[in-house]
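The letters A, B, C and D name the chains in turn, as written, and every chain counts its residues from 1.
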Amino acid sequence: MVRTTRRNALKLLGVGVAAGALGMPWVRNAQASGPYKIGFLGSLSGPAESLGAPMLEGVKIAVEDINAAGGTNGRQLELVVRDDKAKPDVGTAAARELVGEGCSMLLGVVSSAVALAVSAVLQQEDAVLITCAAHSMRLTKEDFNRNYFRITDNPFMRQRAQAHVMAERFGEVTTWGGLIPDHEYGRSTWECFDNGLKTYYPELAKAEPTISKPVMTTYGGSDYRNFVASAMRDPAVGFFVSAYGGDAITMYQQALPYGFFKKKHPIVDAANEFIVARAMKENFPEMWIGSHWYSGAFTGNPMNDELARKMTERTGIKFLDGFIGEGYSAVRAYAEALKTADSGKTADVIKALEGLTFDSPTGKRTIRAEDHQTIKPVVLYRVRGASNADGIEVVEHRVIDGATVIDPATPGVKLTF
Amino acid sequence: MVGDFLLVGLNGMTWAMAVFLVAAGLTLIFGILHILNFSHGGFVMIGAYLTYTLINQTSGPTGIFVFLAVAVLCAAVVGVLGYVIDRTVFERLKAVDDSYSLIATYAMLILCEGGVKLVWGPDFIALPPPAGLDGALLLGDLFIPSYSLFVILSGIVVFLVLDFWIHRTRSGKVMQSVALDPWMANVLGININAMFTTAVVAGFALAGLAGGLLAPNQSLSPGLGGTYIIQAFGVIIVGGIGNVRGAFIAALVLGMIDAFGTVYVPEYPGIFFYIAVAGILMYRPQGLLSGIR
Amino acid sequence: MSNLLEVRGVNFAYPSLKVLTDINLTIREGESHVIIGPNGAGKTTLFKVLSGEMFAKSGQVFYEGQDVSALDAWQRVHRGIGRTFQMARLFVEQTVLDNVIMALESRERIKKTAHGRWWRLSPTKEIVEEAHLRLAEYGLLKRVDDLAANLSHGDKKRLELLLTLALRPKLIMLDEPTAGMAPEDRRAAIETINRLRQSEGLTLLLTEHDMEVVFGLATRLTVLNHGEIIASGDPEEVRRDPTVRSIYFGKGAAHA
Amino acid sequence: MSRGQNTSSTTSAANAAILAAALVFATLPLWADKGLVFLAGIVMVQIVFAVSFNLMFGLTGLVSFGQAAFFAAGAYTAAWLGRAVPELPFLIFCLAGGLVGALLALLIGVVALRRASGIYFAILTLALGQLVYTLIGKSDALGREDGLVGIKRPVIDLFVGTLDLSIGDRYYYFLLVACGILLGLLWWVWHGQLGRLLAALRQDAERIRFFGVNVRRYREIAFIISGGVTALAGALVAPWSQIITPAIAHWSYSALPILFCLLGGASRFWGPAVGAIVFAGLEYATRTMVGVSELIVGGALLVVVLAMPGGIVGTLSLLARKLTKNGKERLNEQSA
């Protein structure tokens, strides 16, 4: 474990130094020939590093694959990497720097705050951004702009798909509560899940759900016991949690002795991929987790299998996080768009991306022309701790067709329920 | 209702003792050297990571005594680190203005983060409580996680030991006199440099111990160093400069205010800690107690 | 001579220590009033209460007939009270000249003249000239550019006196003005202070240990013991006062 | 007259350095890429932030650990007004931001300065600052945790015509001029009678009290000027970064100006500016060194602090003084 991550760090360091050497501040050329330059912008340090680093790996594999196959339009892809430290101001500076170095095609971004900040300056900088994880609904709703694209699902799709599966599988569980971090993303996931419960329980379980007021939690804290206690007092049986990363680990760990996971079932985790499960291993309580991409759900898709094989080879990790698939897909989207927008000019790239259908590890995806939201399958898996070498196992997974749970395209208009 | 009240009180106690464990070493160093050690949280983090690694070396489920032994071992290792830092960094900070030590130790906090990332990687890590502390006691209809009780007990024990040392032993009393008037202590033939080093090593060892004992309390990541530090600052300042008793009382007071505030005014979680710190400092500008005691 | 400062029934105590008990004292305009008493008699505390650094628990302080008991030190300075400290207080990181300029500008700020406007970038020519003049008067001209920290003990005391007088106070309180001075410096200091009193029309209030200085300066003498005034009046009368003698020399000596 | 110990040669060297730095900032858009230009804009604002903070820290001797609250107050006020009443001129937003910062400083200053001093004052301001941080993060009007996004760069009315600052590098130059003016103001305060008075107050509050100075009042004045100018810097940064989040009110943001002041040297007016530039340079140079940037930044910081306890500027001027002194002695020897 320790050894592999250190090797990762060194590998990342290698990329960074190479990127640094390429990225001299006084170079201001936008090449019309030579390789297409793609700028990766993601959290490579700070609290979201463990999300940004795998995303970058996916991006790198895609670039290698495409270049090995002769590139796009006979031109190679060149990757320039910048760290946004999950801070909006650092992200905007890095984005501007990437554009200054001739990378007007940007991708990556973990944090919604960074995505919103960078998205706001895209038009001014004449650049395009495809985000691979940032989930804020505002990006394709009230703060939409034409230079921004999202390659993955959004809370409306993800959380409603989760509610869909719950109504289908746990029709008898009609009381639901939530443990929600008190920020925009947290509230937005809850609103969407709440909407999904109200939509699918009457439809699929023939029952009206009773939904409690969610417990709003802090984030970045070290003590969630009072929130867990509040949730324990709540009569709801099913629980939805959208705490993230380290916060989720802390919360689950402190919830365990209260018998939270014995009393509350099922638990739906909004988006933690395998991050929390890999950390908690045998102690990880069973829950349904939303994911960007799960290789086990798409076996048989050659792109999927190849990506999973290469990633496991490189990192030794068996349960791969969805960020890898999304980084990979974003590069694929650019490569596909460049086939028609061979100039690489921003206006052309935007035009080519709108309505684009392309191959990805989750099968065919289509980018909606109106609000630049991608229609893609939503993935859920049921994970629990296990006494095997990995410490966890995926009991089952579900894939929901994205088109059935997607929001109507209303760019510029705030999402309301 | 009474059960709720007890539960919130217990959670407040757990928080209070966790923060006190971190603050104890901080206030010791602050009291003697007048260095507000920003990197203290970083060394708590190193203690926690070390504990994680050592526990993973042992096979099978970890018992309480193994866990305690590992925590003490980590305290020793971090204490040695403290000795090195005393010689290389703190030694030079004595001559400069107080605020410079703030930036030097801030730089050390950044270094701790970088070091932890290099050794353990950026991914989140979790350490479960040892066997015997992973369950809960049932008191009536009240669930009391045994690990919470363990944290509370650890805090109290550490407090009692420190208090005994400072008030009942010769070396503790010497330490008090050094804190009050190093010049006079020097005149009386006390080797104050040795006392400074002792305080630093003890302070760091306490950081390592806190890290070890609290490793199962929350997730481990390179950002852990900053998690407790502001709370610990609040506690030692409200408690009064270098005052271990004060810090203990302050931790309890602030923990209770924060716990009840969070439960009864859930719209603004976490804000009550700061309101309490500001309020108490306005009422008692020198903290609750003062002088190393 | 009219009364400049009047103290009526002042008491001061720390939580567990009574420091001043029912102090009644009058300082007349133009006199040189010296307060003596053993260490711990409450001289410094009395000074602090009179200057406004600390407030009495009860009793009043009148200055020029007005009750100033509630005024802070800086406000009493505006009324014309100045003081020096046992250990000279200066702006040690600044040059001697800058110290004097700071005092002169403060005086102008109190008088609200154009020289004392806070937005003025550099001191006016008049201020700088006056500073040089005053420094010359005190024999400090050759130290103009030295840091105040680098002055000798005597020079520091002299500079502090200069600074305090630069504010043109009516009453100046000197806390052991000759402490730590060599005998010849002491004599010079007595001369300077007496000259100042006459030339500038100052009223002086001092504490002092050295008897040569006390009788060289005092026109009136007050003896403080255990926070109480045990005698006050003409220096020679006080010298002969039996209570004072009994306290200083023991009971038997009082009748000798 | 001679104030301080700067000999004329070191003064002229310092002036040349300031001029060179100003020139670099002024010509940056002509030769550097956009990312660097953006960073330079942030650094300019941070310089104003740090220098205004140093009015209290270096000059008056008060350590406030809640300075970010004023920065955020200015930024949020200006950005919020820009949304609520977009028809008003931009300069009004800035002034309003500064005013709100000054008022907040008055409020915090009156409370905190009256009660606490030293490290207690630092922690009291930290707690009050965190209070502001939490309240911003919970306020719907201020965008809660996600902040205000898509802040527009303004069009200013110049009487003779309008100037659209959203085009090209115009806002950068506007920022340059605005920061220049603010630094000029601060320079005036620092070196003027008020500044000298505050410096004297730091050295001996008792002595200055017996110069008839209301010490607490002047500390409050320093706090208010400092808070107001910091807020103005915040107001200026909002349209530049085009997004503001509660992070700019967090205690770690309050630590920045302290860092800059100590790194550059708190006893000199330009010290914090040097600190801000050096720190930004360090971060910029390590931005692609993924995985080890913390080690390099932390290590460099530690070395600078341990090797240069007076900060960079303080140490340099000490060095210069020694050199010129040696030079003079040598000259004297030769002439003798």
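Everything below uses one rule, namely that contacts are C-beta pairs under 8 Å (C-beta built on N, C-alpha and C of every residue); 3 or more make two chains touch, one makes a residue touch a chain.
On a predicted model such as this, the values are computed, not experimentally measured, just so you know.
J.: Would you mind naming the chains that touch chain B and likewise touch chain C?
T.: Where chain B and chain C share a partner, that partner set is D.
J.: Please check whether dropping chain A from consideration leaves the other chains as one piece, and if not, give the groups.
T.: Drop chain A and the rest stays one piece.
J.: Taking each chain's centre as the average of its Cα atoms, which is closest to the average over all protein Cα atoms shown?
T.: D
J.: Could you find the chain whose CA centre sits the greatest distance from that of chain B?
T.: C
J.: How many Å are there between the centre of chain A and the centre of chain D, using C-alpha atoms for each centre?
T.: 38
J.: Centre to centre, by mean C-alpha position, how many angstrom separate chain A and chain C?
T.: Averaging C-alpha atoms per chain gives centres 75 Å apart.
J.: With chain centres defined as C-alpha means, what is the inter-centre distance between chain C and chain D in Å?
T.: 42
J.: Residue numbers in chain D touching 2 or more other chains?
T.: 138, 291-294
J.: Multi-chain contacts in chain C: which residues touch at least two other chains?
T.: none
J.: List, in ascending order, every residue of chain B touching at least 2 other chains.
T.: Residues 117-118, 267, 270.
J.: Following the definition at the start, I'd like every touching pair of chains, please.
T.: A-B, A-D, B-D, C-D
J.: Along chain D, where are the residues that touch chain C in the complex?
T.: Chain D reaches chain C through residues 1-3, 5, 188, 191-194, 196-197, 199-200, 203-204, 206-215.
J.: Which part of chain A faces chain D closely enough to touch in the complex?
T.: Going through chain A, the ones touching chain D are 9-10, 12-13, 15-17, 19-20, 23, 25-28, 44-45, 81-83, 87-89, 92-101, 112-113, 116-117, 120-121, 124-125, 136, 138, 143, 182-184.
J.: Show which residues of chain A lie in contact with chain B when the two form their complex.
T.: Result: residues 1-2, 4-6, 8-9, 45-47, 49-50, 53, 182, 215-218, 220-223, 225-227, 229-230, 232-233, 245-250, 253-254, 256-259, 275-276, 278-283 of chain A touch chain B.
J.: Using the touch rule from the top, collect the residues of chain D that touch chain A in their complex.
T.: 31-39, 42, 137-138, 144-147, 149-151, 166, 241-243, 245, 247, 287-294
J.: Spell out the residues on chain C that touch chain D in their complex, using ranges where they run on.
T.: For this pair, the touching residues of chain C are 51, 53, 72-75, 77-78, 82-83, 85, 89-95, 97-98, 101-103, 105-107, 109-110, 116-123, 128, 145, 147, 163-164, 167.
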